[in-house]
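Here chain A shows up in two complexes: once beside chain B, once beside chain C.
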Partner chain A sequence: MAEVALRGVSKSYGNVDVIHDVSLDVGQGEFVVFVGPSGCGKSTLMRMIAGLEEVTRGDVLIGGERVNDTAARDRGVAMVFQNYALYPHMSVRDNMAFGLRNIGTPRPEIDSRIAKAAEILQLDRYLDRKPRAMSGGQRQRVAIGRAIVREPKVFLFDEPLSNLDANLRVQMRTEIARLHHRLDATMIYVTHDQTEAMTMADRIVVLRAGVIEQVGAPLDLYERPANMFVAGFLGAPKINFIKGRVAASQGNEILVELAGGTRLSALVRPGTANPGDAVTLGLRPEMLQIALDGPLPGRVEVVEQLGAVQLVYATLADGTTMVAELRDRRPPAVGADVRFALGPGIRHVFDARELSITLPEGDHQ
Partner chain B sequence: MTAATQTRVLPVAEPRTKVPQSPAKRRDWLTALLFLAPFLVVYLVLLVYPLFLGIWISFRDWDLMGGDYGWIGTLNYQDLWSDPVFWRAAGNTLKFAAMTVPSMTLVALLLALAVQGPGRIRAVCRSIFFLSSVFSVTVVTLVWAMVLSPDRGLIAPVVQFFGGTPFNFLGSPTWAMPAIVVTTLWWGVGLPMALFLASLGSIPKELYEAAELDHASRWSVFWRITLPSIRHTVVLVVVLQIVAQLQIFGQPFLMTQGGPANSTRTLVQYIYETSFRDWLVGYGAAMAMVLFVLMMIFSMLQLWLGRQGDDQ
Partner chain C sequence: MTAARTGWALWGDRLLLAITIIVAALWLLPVIWVVTMSLKPNAELMRSTWGFIPYPFTIENYTNLIQLATVPRWLVNSLIVAIGMTLLVLTVSSLAGYAFARLQFPFKRTIFALMIAGLMIPEQAVFLPLHQMFADWGIHNTHAALVMPRVAVPIGVFLMMQFFRAVPRELEEAAELDHASRFTIFFRIMLPLSVPALTTLGLFTFIHAWNDFLWPLVSATDADMYTVTVGLASIQGNFAMSEGLGSVMASAVFASLPIVLLFLIFQRFIVAGVAMSAGK
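Take a look at the complex of A and B:
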């Protein structure tokens, strides 16, 4: 087990910068998820930690030691690849044993580690199979097993579940989370799936275009996003952004006027919004309710019935599409004119630069 | 059982290859045949017919001018059995293939490993190594006859520089065959190299990254990852090489004319001389059949060996 630190890490391919000055500390035994849209540099960042990509500027530290010039094999990391990267000509057992044999681990030790990993991952029955005779989920478990037996300082997962079907993905998600608790190992996990990030991470690192947008515990990022990108990336269905203008402000409280004249109050940090400023309100779908006297009029476009909840998509006066997550078995009909009310929950406010100016929860009166 | 149920059961039991009975299906079948016709015609006229004609001729006393002096049974084959030149030629051919096929495969693989991957220099090298394949056998043998020549060759000055006496490779019964092997390697290495390059390029790079994280040495990576991944291409190259090299003709015919002392006379040259110089087409056809069977046995053996281990 070891901690991982990035100090001003950058990566360029020729003139193209893909990672800009990233600094981050991953604590010992922590499960950190790098999340972001395709091409945001999250995989590149992980590959630099692994030693599979060179660092252009800055330092990568594992266990307090600078490893920029250390070969990947000597960094003490194990990686689980998106396409599993199992050795196709070796049995499951040999796939797991390969790395240990290469460093001269004694035979009985190899056998006991494989037996232990196979038991954790329920691979006991498949040890003599070739990877091609296994299903996607089993292969993924072998890839994880190959990492476990190495007893690495750091586990790296590069989108390990994206080749699996939806059911298996949910199942493997919990298995990896359980594995983390069981091994208490430092794990870094890359994904573009915000659900995986929210459910598995101790801390999430949100990346966009090679820059860290925000780092924090899942719920922290969900409740206190630093900007519209983070607010929009985390949460499903996506947060609703509604453009407006500050109509009045008094202390922490502002009154935002939306298109169509609706006025909604919100709390902001002192001095961040003045009357006349353009702002964007961020309202999570679960805080919206339908009420006869609600302030937000809209017309229902689509209703998605998910059983426990219903997603109601509606168009507001200015054409903005908004989604509300209701827990009412009798949702409104498509085409109906309804009014939305705001239930309890944080009313996020973002300024013209898309940065959050919402008053942090603890500072509410 | 009623007639209706019987007709429902019948189609399942019918063999798949039977000509379909319904008009629509028959039309499909005819259309398919029409599209296949050009290939089938060429295949029948240029491959199947000559093969059987060859077998037929090999049982007859047949000369080049079309003089057919009748069925002689296996007499041609019996003559072969006691023809020392034939045995010598067959031996030379096998020896040539035994020297060329493994070295060609190895050199092609080593070259492919050396020039695969990114970089301008590697790209240039790939083109250069492939370039020799486009020359005709006449040019290649001319070049190599000059290279190997004891008085004005490329090797002679080097030997002289070290105080040796230039050696006439093509005039030596021991060294003529190896010289032809080297010529053949130089000429033919491009295609197997290209096949290996394609195969190497299709190995996922994550396998190598995983191996790097697994502390695999370069040697271990080659044996445990690269070689198993390109095994099918190795088999393909070996089979293609066996078939090609057992038909060796141009190089010895142009460089040594089969000499010195028959040491480089190969089967195809002997077939050619028997059939087209001595006009004994029947006898030549019998030899060709032997060569055909030889190539088939080796190819089948290789394909069979290549399949071993696939189903585990």
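Take a look at the complex of A and C:
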């Protein structure tokens, strides 16, 4: 049974529609990440689940029960806010105890739950500190601790790591993932960071302008994006989009002619592309190589040496910028004219409406 | 910080300091003058009031004042009125300020507009009806009559509303998810957070109440119900005639002592309050 379910949920502020007809099931114990660019409605959606925002249309269900009219405090969810939202005048201990005291939890029970959470989050030594005397990472742990002690049915995280520096972010990322395994709780996590989504999620929900673009396991979305938006949002460095035109098609196979005359073949679902159609090729940076006889000529603009890999940014004949992720310790020099070849990997094809017409991977060959 | 400042910047700093000192001195001089005169014999003051050194020196003016039997009584009245008014103003302002900042209720905008309009009505304009009303109720010459007209202070409500508005909404949302009711949120989260604002508002109310003159003068006609300001004013007329300037000055100093004391203790909050009302 779905722990959290959205049924045709919409949200409007006045006559501005922010969320359009969203339906989604989140299973018990699942870790679901809402991802999308800033302003796409991730927080609004989460806040409607929490009960902090009213639902304009549709139903929100928690544990199978419709909770549209249930107050936030009675929904059994805990939320971790981006800016932590710790009670500044209370010690760490009191911050965690506040919610339990409000429902009259017996003192020994409160103490033992705090002790347990503090141990999990390594906060034992800070229990009597005020939030202002703690670092960002510690505050975030307190905020998580405050959620844990409540033993909620559902955890909600709204961009919990975006105020932390890069190192801490990576560290907290693994800590939250570990927490999820340890507590086996249902978690919904909002982020605009595709790396967080890819690394943490059981399932990713990609949102754009209040609409779900695609839902699926991270690798599914990476390999089978439904459209250019999803393909472009997941993966770093970003997928390369190259405009072209269908020059010929035969069965599943098409030949795409790019500016400059280069022709590349790709596999599409039957009947989705006819000669003359405008299409966009999507090529992940890691499938590109440099080869003398490669079909795609380009000029190297920037080279980023990352040690294990090198990112080579080049301009193609039609001015498109392309990035290739190479594993060659000696990448080409800036300004060099090179030719790119396509290694193994999926050649994504998108039609004029930006929808994927790529033949699903299982059907290749 | 100073090490980096050289040349013109340094001279600019010095000039600023000099101007500040001069302005401060200009403000301070009359105060010193008053204190000096209060410590001189009245006979001496008959000849000349000039000079900033209390010589010949005497505390006679103060002892005379304190020996007046009604003075302690007036002090107590002032304290009751000022403390009572302060507590009530804080209660009303914080509750109403929170309601305006965070609650939705019918006619909110109308009520708010009415309250703001209250800012523009000069106190004196309502003196007559107020006086008449209190006379009808027969409550003149009580502490309540001195406190009540000053309990609903629009500027206090406004100040607290602004403060509550600046508290991140997530804090209340977090509390709500922590099963806190409206009252718990108000008393356990918002009030403790607003202690600095409450302190500032409280101080200003107290000072205002202590210095209040016109209404107590009109309402408290019984000498036993005088506040310090009204009481001292009532004897100053006699003093100036019979005892002299020194006594008048001593009563002025005496009446302002509690305020000076407050300033010294709560300096930090008063500065913060001025900055706050300046819209900082």
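Basically, the second predicted complex is superposed on the first by the 363 of 365 C-alpha atoms of A that agree within 3 Å, B and C clash if a C-alpha of one lies under 4 Å from a C-alpha of the other, contacts with A are read in each partner's own complex, and residues count from 1 in each chain.
Criterion: a contact is a pair of C-beta atoms (placed from the backbone, for glycine too) under 8 Å apart; a residue touches a chain by one contact, two chains touch by 3 or more.
The structure presented is a predicted model; accordingly, all values stated were derived computationally and were not measured.
**Q** After the overlay on chain A, what do you see for chain B versus chain C, clash or fit?
**A** With chain A aligned, chain B runs into chain C, so clash.
**Q** Applying the touch criterion given at the start, work out whether A:339 contacts chain B, chain C, both or neither, answering first, second, both or neither.
**A** So A:339 meets neither chain B nor chain C here.
**Q** Once the structures are superposed on A, label A:238 by its partner contacts, choosing first (chain B), second (chain C), both or neither.
**A** neither
**Q** Return first, second, both or neither, reflecting whether A:50 touches chain B, chain C, both chains, or no partner chain.
**A** In the superposition, A:50 contacts both chain B and chain C.
**Q** Taking the superposition on A as described, I'd like to know which of chain B and chain C A:130 touches: first, second, both or neither.
**A** In the superposition, A:130 contacts chain B only.
**Q** Once chain A of both complexes is superposed, is A:99 in touch with chain B (first), chain C (second), both, or neither?
**A** Once the two structures are laid over each other on A, A:99 reaches both partners.
**Q** So in the superposed three-chain picture, is A:72 touching just chain B, just chain C, both, or none of them (first/second/both/neither)?
**A** Both partners.
**Q** Just checking: does A:269 make contact with chain B only, chain C only, both, or neither of them? Give me first, second, both or neither.
**A** neither
**Q** Applying the touch criterion given at the start, work out whether A:81 contacts chain B, chain C, both or neither, answering first, second, both or neither.
**A** both
**Q** Both chain B and chain C contact which residues of chain A?
**A** After superposing on chain A, chain A residues 50, 52, 71-73, 77-79, 81, 83, 85-89, 98-99, 102-103, 146, 150 contact both chain B and chain C.
**Q** Help me check something: in the complex, which residues belonging to chain C touch chain A?
**A** That would be residues 168, 170-171, 173-181, 184, 188-189, 192-193 of chain C.
**Q** For a test of understanding, state which residues of chain A touch chain B in their complex under the given definition.
**A** 50, 52, 71-73, 77-79, 81-83, 85-90, 98-99, 102-103, 130, 146, 150
**Q** Along chain A, where are the residues that touch chain C in the complex?
**A** The touching residues are 50, 52, 71-73, 77-79, 81, 83, 85-89, 98-99, 102-103, 146, 150.
**Q** If we count contacts the way the header does, which residues on chain B are in touch with chain A in the complex?
**A** Listed in rising order, the residues of chain B that touch chain A are 204, 206-207, 209-217, 220, 224-225, 228-229, 312.
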